[in-house]
Amino acid sequence: MSNDSLTIEHQPLKRCDLFRIRGRVDGETAPRLEQALRRVLENGRYKLVLNLAEVTFLSSAGLRVLITIAKECRRFNRGNLYLAAPNQRVQQVLELAGLDELFKTFPTEVEAVGNF
Amino acid sequence: MSNDSLTIEHQPLKRCDLFRIRGRVDGETAPRLEQALRRVLENGRYKLVLNLAEVTFLSSAGLRVLITIAKECRRFNRGNLYLAAPNQRVQQVLELAGLDELFKTFPTEVEAVGNF
Amino acid sequence: MSVDAPASAHHLHITATPAALSTIRTFTEGCCHALGLDDEQTFWILLAVEEAITNIIEHAYAGRGGELDIRCWRADDDFYILLHDHGRPFAPETVAPPDLESPLETRSVGGLGLYFMRKLMDEVRFSFDAEGNHLLMVKRHAVG
Amino acid sequence: MSVDAPASAHHLHITATPAALSTIRTFTEGCCHALGLDDEQTFWILLAVEEAITNIIEHAYAGRGGELDIRCWRADDDFYILLHDHGRPFAPETVAPPDLESPLETRSVGGLGLYFMRKLMDEVRFSFDAEGNHLLMVKRHAVG
């Protein structure tokens, strides 16, 4: 496995849960991302910020996770999933999928966290 | 005036107002800091985060501003002033003044913002 | 299949499982560089290939693994990649394109893989015959 | 005053106004380095001096400006700084120390300047006579 494999850093804050995602989000690693996010939803927390600054690769398997989790967060207006600091590659992949308008995206994680 | 004179960056967020303070907070520059913070209080916003990572000098005149503004923020339980990312010098000055326990301080600005 | 890889094509034979993905990636990346593609082009080709291979692992072989051949080559300044597996065939023309217009709440969570392949490559041609399933993807003017 | 600066002391004569603070700072920093103090020591001395000068500008001269002499020297490994102004004298012994125990809500916002000077320096001695106000601050073992 190449050494930019997925790492997930989770920082629970009072207002929301911040995740710093690093490396590859692909068919192989996306399940791990989904699991990490789902664990937070299961604790009744539905305000998530994903810092994507250091995501080096994002495939449709990763987007599937983002869409699934964002849907669950938004249900009953109980929360949302914000994206923070996507790098150019990530931004291009989101645009390719027509998702760039659908996720609320902030240039920095502090703006994402501060706008919940 | 030395070139590390005070600069203040203000980022209004939905939850709170974030200030990044850089350079010297001393007898000469403290009034500018007070003015910048007070302008936000006058708009009815009482949740402030001060990022002190790049403060190079902090004298009692600066502490006076922090105490004054923190008091106003906390009045009627309407808010607070959090400190973020104080460097070692700043931390030592806060300790010298016995203020380190009185201000809620977070290692990063995102934790400060996320905990309002 | 109508297009045959030249004998000089780069070739990887491997069992299609999730564990093989990183080897496939390294192989494909190496081919791209050896054939003169820049990092930008390589990134998008890796994404298209990732989607194609993931589908073979998940859908054609339904997670049970199976043989996979990957061949890459260049003709003029066009980049070719040919995938060959022996899994279940399917009817690509019956797969509805993803709905990119509706809001997130009503959007399907999947179906982006084929769409990405088609957006990223200039040609995406499936064929299914007695020898198995073939997928040819071409990126025109990939070198330049 | 009982302690006189040696003739060899570094000396700055300036009008005590807020605009003079950066010159005073540069002068003091230069003295510290010339006399062999490290950056750590220098930082804390600059803080003590900043507090002392701010008080002279604000309290002794009440913002109207006035003459100020600063002298720095070293004796053995002790660092001396002597400030001399002609403003209003005061009674340092009547200034109550700041309350460092009570919660923020009930704390006074000021009164930390003298406290800092006393905490940071080993000796802080005021004297007031016909020639004006003198403030001697000593940091022992400042070098080495």
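In order of appearance the chains are A, B, C and D, and numbering begins at 1 in each one.
Basically, a contact is a pair of C-beta atoms (placed from the backbone, for glycine too) under 8 Å apart; a residue touches a chain by one contact, two chains touch by 3 or more.
As the structure is a prediction and not an experimental result, all values here were calculated from the model.
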| item | value |
| --- | --- |
| Relative to chain C, chain with the most remote C-alpha centre | D |
| Geometric centre distance via CA averages, chain B-chain A, whole Å | 31 |
| Centre-to-centre distance between chain D and chain C (centres being mean Cα positions), rounded to whole Å | 74 |
| CA centroid of chain B to CA centroid of chain C, Å | 54 |
| Sites on chain C at which at least two other chains make contact | none |
| Chain-to-chain touches, reported pairwise for every pair that qualifies | A-B, A-C, B-D |
| Chain C-facing residues of chain A, complex | 1-2, 26-28, 57, 59-61, 63-64, 67-68, 70-71, 74, 89, 93, 96-98, 102-103 |
| Touch list for chain B against partner chain A, complex | 11, 13-16, 18, 109-111, 113-116 |
| Sites on chain C touched by chain A in the complex | 18, 21-22, 25-26, 43, 46-47, 50-51, 53-54, 57-58, 98, 100-101, 103-105, 107, 109-110, 112-113, 115-116, 119-120 |
